[in-house]
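Next come two complexes built around chain A: one with chain B, the other with chain C.
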Partner chain A sequence: MKKSLIGFIIGLVLALSLTLFAGENPLHIAWILMKSAFGSSYDLGLTLYYTTGLIFTGLSVSLAFSAGLFNIGAEGQLLMGSIAAALLGVLFPHVPGFLAPILAVLVAGLAGALWALIPALLKIYRGSHEVIVTMMMNFIASGLTSWAVLQWIPNPDSQNPESAKIASSYMFQDIDFVKKLLGDSPASLALVLALFGAFVLWFVMKRTRWGYEVHISGLNPSAAERAGIDVAKIQIQAFCWAGALAAGVAVTEVLGNSGQFRIGFSPEFGFIGIAVALMARNHPLGILLSAFLMGALHKGASDLDFETTTITRDFSKIIQGVIILFVAVQSYRIFKKRGSRVS
Partner chain B sequence: MSVETILRLATPLIFTSLGGFLSERSGVIQIGLEGLMLVGAFVGATVAFGASSCWLGWLVAFLAGVIVAAIYAFFVIELEADQIVTGTALNLTVAGLIPFVSKILFNTTGSTPTLDISNRFFWEPIAIALLSVVLIQIWFSKTNSGLWLKFAGEKPKALESSGVSPRKIRWLCSLMAGGLAAWGGASLSLFLASSYSPLMTSGRGFIALAALIFGRWKPWSAFLACLLFGAAETLQIHWQGQSVGGFMIPVQLIQILPYIFTIVALAGFVGKNSPPAALGRPL
Partner chain C sequence: MQLKELRAETLDFKLDISSLEVHAGEILGIAGVEGNGQKELIQLLMHPKKFKKIEGHLEILGHDTRFYSTRALRQLSLGVFPEDRLRWGSVPSLNLLQNFILGYQRKLLAAKKFLPWNELFKICAEQIKKFNVRPESPLALFSSLSGGNQQKLVVARELYLNPNLILASHPSRGVDIGATEFIHQQLLDAKKGNAAILLISSELDELIKLSDRIVVLYRGRIQAEFSRSHFNENKIGAAMGGIS
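So, the complex of A and B:
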């Protein structure tokens, strides 16, 4: 993590220096980033909203990595999870209050897991590379969810490309102390769920037999086979759980924030999650920190659009790209063995 | 659905999968084709607009692709960084840099100004694409240096002991791959469209990679696979706004056709893939 932080800082400095070309003062840009990420409790809430989503996708990418698979498909999985939660919330408004959020979480997770099952099966049984397949699945998920929203549950009160509101029983409402604390910002109880998820994943990976089997299957599949581990089964399971984790974004957005499926709501949580997982070197608890840094960066950068005339929000992508590059260089030994298995 | 339309739509894929072919056959995975295409599309459109010449845009796009690919090659060949992770970083960085540059140049967050009809290609990229397929196929299957390419990706040690540096081959092929993928992108912005628009490649880099795998890492078969994907895209455009038996096919569902097609192709016909033996392995 220490080396990754160095990568983060180098990436940040490099990207900030680039702003010189646009005639900006890098220190001024850094100040805007800071101010808009932490300036008010609402800003902090928005930063934590992004953090929450990124914890989920970071965990997702990280779990798949541990099993030796590259999950580029978190974006599609979170879309499918979100549409499932939205469909449930709009079409079944009469589920009792205490049951509704739990049901929605389960349904979203299941949808994400099923969406991840397809590339996992194709990878194991047909040898199709999961990177290309999940990339295609992202495009398909994007098309399918837009269609489903507009076809089945469009918002009757608005011309915006979004779904109707889910029944209020599905939202966290009064028990959501996170939202209360941060002045009705987009942050929500989902943050607690994300923290809990990171802790559980850490425990599972470190302390359970399944976690150990995932680890070995990713590190050295042939040794794992010899030790009697069903690598195919473990990898499929891990990938499905990764899909379910990505679908945690549904809780962040649909249950915790907007209460609806807004087409294009995700600021590419799935892709930033790759940077989050790599930066944390797959450590579930390290993901909390890297998700927070990336979340702050994303929130900060989103204000560059109107705080400056020359720098846009896409600025944060440059930083993410540079960080991934640095981590890729540092950790090549870890992946070296896997190199033979890709494509 | 004419042959010409299919060829037109397949052109970006043909260039890019040829690039992928060179890179992957030499042993270097190139997930960054998508980003390289974007670079080519943006630089091509920008230069063509600035210089009022599509040929200059075409040329500079190739160079830009080579330069970006050189950075990639340095990381994965010299520093032995993981190729898939680095490719992802390439895609992401490019997606961040292009809006940054276009904001400075044109004060827009993405699109370049529309090119005048006289500064666009009419059919030329198709011809160059076809010529490239023929040349690369002949080079690969009929010449000695084509064999070097094969060995760099299959048995780099053997190649080295015969006095040819697999490192050099990988470098050369990676650079060529960058240029070709950039041409793939430039044929989008200078030929199929009349400007660069944000993320206009929409996954074509990955589809080209799928075509390459579908074509079992051979130029000629990859070319045929590209035509197939081009046909799928033609079908998609053809079906848009059409109703079948009074049922209007939703536009979103038609748009995902090429992607579904790609997955089916990857899963159904190829079976277990047989990639170059040393693909992804550092030297």
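So, the complex of A and C:
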């Protein structure tokens, strides 16, 4: 984690100095990023909203990665989870209040898991590579959810491409102390759920027999098989749980923030989640920190459009790219050192 | 362990074994040039589900294991020295403790709900000491050990519960002389403890030193069998080449 942080800082500094080429002062850009990410309680709330989503997708990618699978499909899984929650909330408004959010979380998770089950089965039984399949299924999920929203539950009061509002009993309402604390910002109780999820995953991977088997299956499938681990089964299970975790974004957005499915709501949570997991080297607790950093970066960059004339919010992508590069370099260095000690 | 009139097929190999039996308190050596079915024999015993077809009699410790999963096989009193410890027997990037419970992850202290690392650490440390693995710390990385010490850890693990059947394939491959001697002694001790031992090796010296009987595998069939009083390097060597 320390090495990742060093990589993060080097990457950030270098990326910022790129702004020199556009005639900007890197320190000024850094200041804008900071101010925009943490300047007011609303800004902080939005940063935490991104953080929440990124924790979920980061955990998703990391769990799949522990099992030796690359989950590029978190984006599709979170869309399916969100549409499931939205459909439930709009079409069944009379579920009693205390039950509704729980039910919605479960349904969203189930939808994400089922969407992940398809590539997992294709991978295990047909040998189709999960990277290709999940990537393609992201497009299918995107099209399918858009169609479902406009076909079944369009918002009658708006021309925007979005669903009708879910019944208010599904929202967290009074128990949502995070929202109260940050004054009506997009952050919500989902943050607490995400933190809880990270701790649970950490515990599962470290202390349970299942977590151990996932770990071994990912690192050395042959040895895992010889040890009596059903690698295929473990990988399918892990991938489904990864899908369920990605669907946690549905809680962040649909139940915690907007109360509806807005087409294109996700700022590519699924893809930034890969960066988050990489930066934390798949450690569930490290993901909390790296998701926060990436969330702050994403929110911070959104003000670049207004505050400067030459740099747009897309700059955050460049920063992300450079940071990931340097985090990767850092871990490669550790690897090399270890290797040379052996020989 | 008993195999009789056994025909087993994978996609690219056929095993056809008329009769192969290991008794308790005996070491049966399997000789043969590599690629004549040794690998498949271990696969057949440990991963019968990977085979397209298995016909005949396959019995391990009193169980008909033709349709057993590896997990079910692991529940039997069975120890396996893998043919390639880095591929089949360990996860090099993890530490000794994590490698030590490989195969026991649902067996050791299974009554506990969660993996009791503290207690497992103690067991592992004891076993490391008993088998003289260096370094002695269960938290050392497996990949940082020498080949001999890696193999000793694998042996320490597989013999931990005093198995009734030991499948030892290439126990001294890539292992220094001291560790080889040590591992041979462990096998002989296990034999004294009435374990049945199947020893697969490409080293004739090793086979002749340890085995009570030697069977020669050639192209997936049993080419010849020698009892201890008839061990003869030339004859065994000829059989390995397909001449009987």
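The rule is simple: the second predicted complex is superposed on the first by the 326 of 343 C-alpha atoms of A that agree within 3 Å, B and C clash if a C-alpha of one lies under 4 Å from a C-alpha of the other, contacts with A are read in each partner's own complex, and residues count from 1 in each chain.
Everything that follows uses one rule, which is that a residue touches a chain if its C-beta (ideal position, glycine included) is under 8 Å from a C-beta of that chain, and two chains touch if they have at least 3 such contacts.
In this text the structure is predicted, and so the values were computed from the model without any measurement.
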item	value
Chain B versus chain C as contact partner of A:Ser41, first or second or both or neither	neither
Contact breadth on chain A, by residue count: chain C or chain B	B
Touching partner for A:Arg226 - first (chain B), second (chain C), both, neither	second
Partner chain in contact with A:Leu144 - chain B first, chain C second, else both or neither	first
Partner chain(s) touched by A:Tyr212 [first = chain B, second = chain C, both, neither]	second
Shared contact residues on chain A - chain B and chain C	338, 342
List of chain C residues in touch with chain A within their complex	46-47, 69-75, 80, 82, 87-94, 98, 101-103, 105-106, 114-115, 117, 141, 143-144
Residues of chain B that touch chain A when the two form their complex	24, 29, 31, 75, 79-86, 88-100, 103-104, 109, 202-203, 206-207, 209-210, 213, 250, 252-253, 255-256, 259-260, 262-263, 266-268, 270-273, 275, 279-282
Chain A residues touching chain B - in the complex, by the definition given at the top	18, 21-22, 70, 72, 122, 126-129, 131-133, 135-137, 139-140, 143-144, 146-147, 150-151, 271, 274-275, 278, 310-312, 314-322, 324-325, 327-329, 331-332, 335-336, 338-340, 342-343
In the complex with chain C, residue positions of chain A that touch it	207-209, 212-213, 215-216, 219-220, 222-223, 225-230, 338, 341-342
